[in-house]
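Note that chain A is present in both complexes that follow, paired respectively with chain B and with chain C.
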Partner chain A sequence: MSAEVSFGRKVRRDFFATPLDSVITLAFSALLIYLLYGVLSWGIFNAIWGGDSADVCRADGAKHGACWTVINVRWRLILFGLYPYEEQWRSAIACMVILVTAVLSCIPYFWTGKRLALTWISGFAAFYLLMKGGILGLPLVVERDWGGLSLTVFIFSSVAMIGMPMSIVIALMRRSKLPLIARPTAFLIDVTRSLPLLSIMFTAAVVIPFVLPQWLQGDKLYRIIIGFAIFFAAYQAEIIRGGFQAVPSGQEEASAALGLNYWQNLWYIMLPQVFRAALPPTINQFVITFKETSLVVLIGFFEVLASGAAAFGTAEWKFAYKEVYVFVGLIFFVFVLSLSRYGAYLERRLSVEQR
Partner chain B sequence: MRKLMNLAAATAFGAATMAVPAFAQGGPTLTKVLDRGTLLCTGHNGSFQGFAEVDDQGNWTGLDIDLCKGLASGLFGTHEGNLEIVPISWAQRWPALQSGDVDVIIKASGWTMSRDTELNLNFSRPYLIGAFQVMSLKDLGAENVAGLDGGSICVAAGTSTEKVMAAFIESNQLEIELITFEKTEEVNSSYFAGRCDGVIEWGPALAATRLQADNPEDHVILPDVVALEAEGIVVPHGDDNWHDIQNWLLATLWFAEQEGVTQANVDEMKANPPTTAVGKMLGATPGYGSRLGLSDDWGYHVIKAIGNFGEVYERNLGSGSSYKLPRGINNLWTKGGVHYPMIID
Partner chain C sequence: MYGLLNNQKIRNNAIQIIFVSMIVAVLLVSFLTAKANLDAQGITSGFGFFERATGWDVSFSLLEFKPSDSYLRVLIVGFLNSLFVGAIALSLATVFGVTVGAMRTSANAMARLAGTMYVETFRNVPLILQLIFWYALLLELPHPKKAAGLLGDNLFVSGRGIYLTGLNVNALSAFLAIMLFLVAAFLVVWIAKGKKFQKSEPENRRRLQWLTIGGAAVFIAVILYVGRIPETEILNIPRLKGLNIKGGIRATPELLACIVAITIYGTGYIAEIMRAGFNAVPKGQVEAGSAVGLRSGQIFWRIRLPLAVRTVMPTLINQYVWLFKATSIGIAVGFADYFFVISTSINQSGQTLELIALLMLGFLSVNYTIAWVLNRVNDAIKLKGTQNRA
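The block that comes next holds the complex of A and B.
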């Protein structure tokens, strides 16, 4: 019946039912408008947009709002970090490649083991060749010069790609009926989870070179990615284990009664249901992981937050740190929002199949 | 370089009966760096104003970066293509040096006893005296901290800065009230809001803070050194040759300034050296490099690349930069500062 209620009536019913309701509604609306106006007048109405030096913003005193000139001048530093200036198109394309790969693998058509593997392997190979170069006439750019958004995206997708299969394996080991496998796995998960991510990263970056022989070390970047992936897998394994527990035990018994072996049972019966049950916390875990990539700044990587800090870290732009942080914040917002919306799409799709 | 070594060996062999060898073998670090063809020097994870900043094109600039360039130019003749700036955080610098991620730390690092002894590090002679100084409003007319007598100074609570400021006030028998705040941002904004007559900070940081004022020219950094931290170039224990090179890099920069050798006139000075010591330093006569395992004209390449110490300072922190931090205690001994070259013989 509510569909027939007019908009005005609905507003009156929901927000102005009693005098007290009206007062509360008006008070909060006023506060909201006041805050919104403050943000908009700083960020848009009174902001300075163009120009190519800080003098544009200095000229008329402190009367203006945001000085977006800083983004105008320094955006390449924020997006590409220390990557050589003339080669930054490579970093841009590489970033696109990873994004396209990620988007492709979100499309149901690619959801077979073979297609997914092919997409990701070719995507990563293209990214690596473009970023590192050294062949096909592309100048070599070593990993420590990688930076900005491409580095953030690379770290995140590598961690997800290595961590996700690892987490399934760990979850299966954790559920093993053999105590010799299940107990140590549980212990390892607990140990990993009780360490802060930062200390795992420091261990990977700083301690490993003293422990492992040279040929086993690899670049600092890959050590950190592997450390991060292990950390991710420990959390994700528990999420997947939760998914296993959500599947009624009758399912497993029924598949055994049908004569399916362990792998068939896992692949056709259990995992599809496990993923459906574990989807919301999994998306949550991905979002957290994306934001945690910023921690690599502490071991000297120029990911997007660090290059943002470098962008306002000069005499000329010191005052414009708010603008840079807002800009970097928007980048994170776009990525995390897409992740969340994709998660919502998956949930809708899966629940359609279920009911 | 190999050739030079062979020559060195031959000369040494030939002269063995007459005198000590005229040429020294480079230490393990020098050999490693020269074989690699690249010097790995410290940058920053982000930006440290005046010392390591990134320009619009993503190139490093700053005082510490200039010293890295000078060192690379001295080793290889030019820093172009021979210098890698490794972005590194404060906490990571010591392990990075021990594990070989960097060859040398030039990162505004104070010389402390625990670092020198427990961390197995060697410090070069300090290339910068990080002075804790007071900034105040120009309108107050104070020419030194004593001029703020009866006034107040903003300082971060519970820091060593607060202690040294209190000690300074006491020993100079001044009546200055210390107003403390929890965070540096609060200290600065309170000072700019007029809560105190002055604010104390590490000099270069103060110069960066000044730029955030509506009108930086209204503020003056007073010359008194309230306390200081001696910043040196850091290398690991156990390679004296590499340590020597850092000290003589700095000596070159100071000696060049003392003798008036600049980036602009270095070619002329090399062709017609005014004194034998200058000629030796620039490689007009042999001996300056070979004793360190370097080429004899390495001093020339250093000055050609970055200029003398005064030029490096003024370009990055002093009058040639936005920071306009007066040289004060960081001047040469001839101009009232503490820096001096060693004797080049």
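The block that comes next holds the complex of A and C.
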């Protein structure tokens, strides 16, 4: 087969190889064009972009497509929730900081335990200080007033930062040679993984105040984060355990023969290789966790879904729910798609290196 | 003391004892605090509250339910609702997922494009957002007064749900009839395809199939007749009365939204798993298939699909468990699934610990059952030896 295939032949091979293929091609083309036309005419051609009140869209003779005026007017509510209006620039910068931190940690230069930890701790600290304020002349804004996208980002990054080290510890306990440590850990991992995240969050929010002494309870937001982190860690621990199994046993034996102790072996020999093997599923886990962050809306937190619902929750904007959902959906879509594309790229890269 | 700690055995035992006693201590403290809190609120622990009437209603139930029914009954109702949504959504997601997965690995570029667009759209948006979106759309369907009757007024699609003509029979006999129908359908397929019947004459097999169908039909008719609700007509036809539709089998918008959302979301995930499976089928197998003259449909059904399913079965099992857990999201639209019923019961009765234990028990048992059954299936069908080598 020649390497160069002419354009006509390529089209023929890809779209019209057999009569059945031609039918399939035409059917799917018709379907896609129909859907695309529907989406475009609703979202762009017949949409109303400007204006500052719902009357623009409800006026007689107005176009019947999407009414993006609602985003135009209420985007600050959707993105920042109940955060004080004059201080919302802080919320925006804080989200940017975390975004930059996330992008930095995708660069191989940062792929050492120390550099990653340092980046995330400083990024997260900057986020927290900006959001909360109370120093450097920034007015104090307590967690109860946080909302919108920055609350989603806060929950996600705290869960990742608490859950990640926790998962390594749990994975090590699960692999321990001491039966009374390995068995209970395995049992707890299995139970946590069998429960819906929602029920774990609910337990953290409602049941923990019931069973823990007052001084151990903490704020509801932090209880949810801890519960979420445990759930994340239970899944991530199994991924890391899979990574351990992918490392050839000769590596561990060689390091023992060289006289490295348990921690040296773990830090210098095992973990770098474990994470290399576990990287694609780990990124997938981050993707899933980011999406599941939106579940906190059901426990009563004002994250981006709830602030979106608030944006069309008035009599004026009641009709514009589709526009808001699409807008919020697009925010998630952009983040999740770029993260999962990055994961796919890494997977390809690693598989090439291993050849 | 230092010498003791250097002894490997003693140190190991000490670590284990400390770990286990920490777990015990946490459990003990939780238990004592919970007991103190319960006493302070005057709640008696235990399962006595099962008998009490709930005083609240649920939006959808397979069994009949009214506010004067007991907590035990509402829990069963919620559990059945979860199983119901899970069973329907997971089966639909499997069928669509295999289809989309096949599209993504097809030779036809247009089919690949359509499959990719589907997967990338619906996998990258949170399930809960999709659920409330579909729910809002379903509520926008026409008001019952304006809903057109389809299929000769036997089907109404409205903003208050879908109404379909059904039978006036009680839940138990309806369940038995459906089960009997499924068993009969399975038997008919088994007679046609099973190894045991391959040697017998085609005519005998056909006779056996008709016998099965006839027998099942008679039994189903008897069950339905015995189970009919007295003093009603056997057919339950939806009719517009005043501002609402009365009668018929009603699928509420909440139920439909849950099924639609979990199906669409699950399809994306299962499609990706199936794509990996189709890609893992060695090219030689497919080429061998076309070399012996199989048509493309036969190659798909007899070579690619069976091999793909066998390769990805373990991943699929995890996916099913994960998707079943996703049914707990019904609370977002007020669908009375198991989690919704439990959380409402906690709010209303205060029996927090018992209900949380039941919640965990419910999900653990269903998930372990799914995993156990599918693992048995996996053991039975998995590729042995060199079947999947290139």
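In this section, the second predicted complex is superposed on the first by the 329 of 355 C-alpha atoms of A that agree within 3 Å, B and C clash if a C-alpha of one lies under 4 Å from a C-alpha of the other, contacts with A are read in each partner's own complex, and residues count from 1 in each chain.
Here is the rule we use: a contact is a pair of C-beta atoms (placed from the backbone, for glycine too) under 8 Å apart; a residue touches a chain by one contact, two chains touch by 3 or more.
Just so it is clear, the model here is predicted, and its values are computed rather than measured.
Placing chain B and chain C on a common chain A by superposition gives a clash between them.
By the touch criterion defined above, A:31 reaches chain C but does not reach chain B. By the touch criterion defined above, A:15 reaches chain C but does not reach chain B. Contact with chain C, but none with chain B, is seen for A:184 once the two complexes are overlaid on the shared chain. By the touch criterion defined above, A:340 reaches chain C but does not reach chain B.
Contacts of A:157 after superposition on the shared chain: neither chain B nor chain C is touched.
Within the superposed three-chain model, A:80 lies in touch with chain B and out of touch with chain C [touch as defined at top]. Taking chain A as the reference chain, the count of touched residues is higher for C when chain B and chain C are set side by side.
Contacts of A:282 after superposition: neither chain B nor chain C is touched. When the two complexes are overlaid on their common chain A, residue A:213 makes contact with chain C while staying clear of chain B.
In the superposition on chain A, A:332 makes contact with chain C only, while chain B stays out of contact range. Once the complexes are superposed on chain A, the part of chain C occupying the same space as chain B corresponds, among 9-17, 27-35 or 153-161, to 153-161. In the superposition on chain A, the residues of chain A contacted by chain B and by chain C overlap at 202, 206-207, 210, 297-298, 309.
The touching residues of chain C, counted against chain A in their complex, run 12, 15-17, 19-20, 23, 29-31, 33-34, 37, 106-111, 113-114, 117, 120-121, 123-129, 132-133, 136-137, 296, 321, 325-326, 328-329, 331-332, 339, 343, 346, 352-353, 356, 359-360, 363-364, 367-368.
The touching residues of chain A, counted against chain B in their complex, run 61-62, 73-74, 76-77, 80-85, 142, 144, 202, 205-207, 209-210, 220, 297-302, 306-307, 309-316, 318-319.
The part of chain B that touches chain A in the complex is made up of residues 43-50, 53-59, 84, 86-89, 91-92, 95-96, 98-101, 208, 211-212, 214, 321-323.
Residues of chain A touching chain C in their complex: 13-15, 17-18, 20-21, 24-25, 28-29, 31-32, 178-181, 184, 191, 194-199, 202-203, 206-207, 210-213, 291-292, 294-295, 297-298, 305, 309, 321-322, 325, 328-329, 332-333, 336-337, 340.
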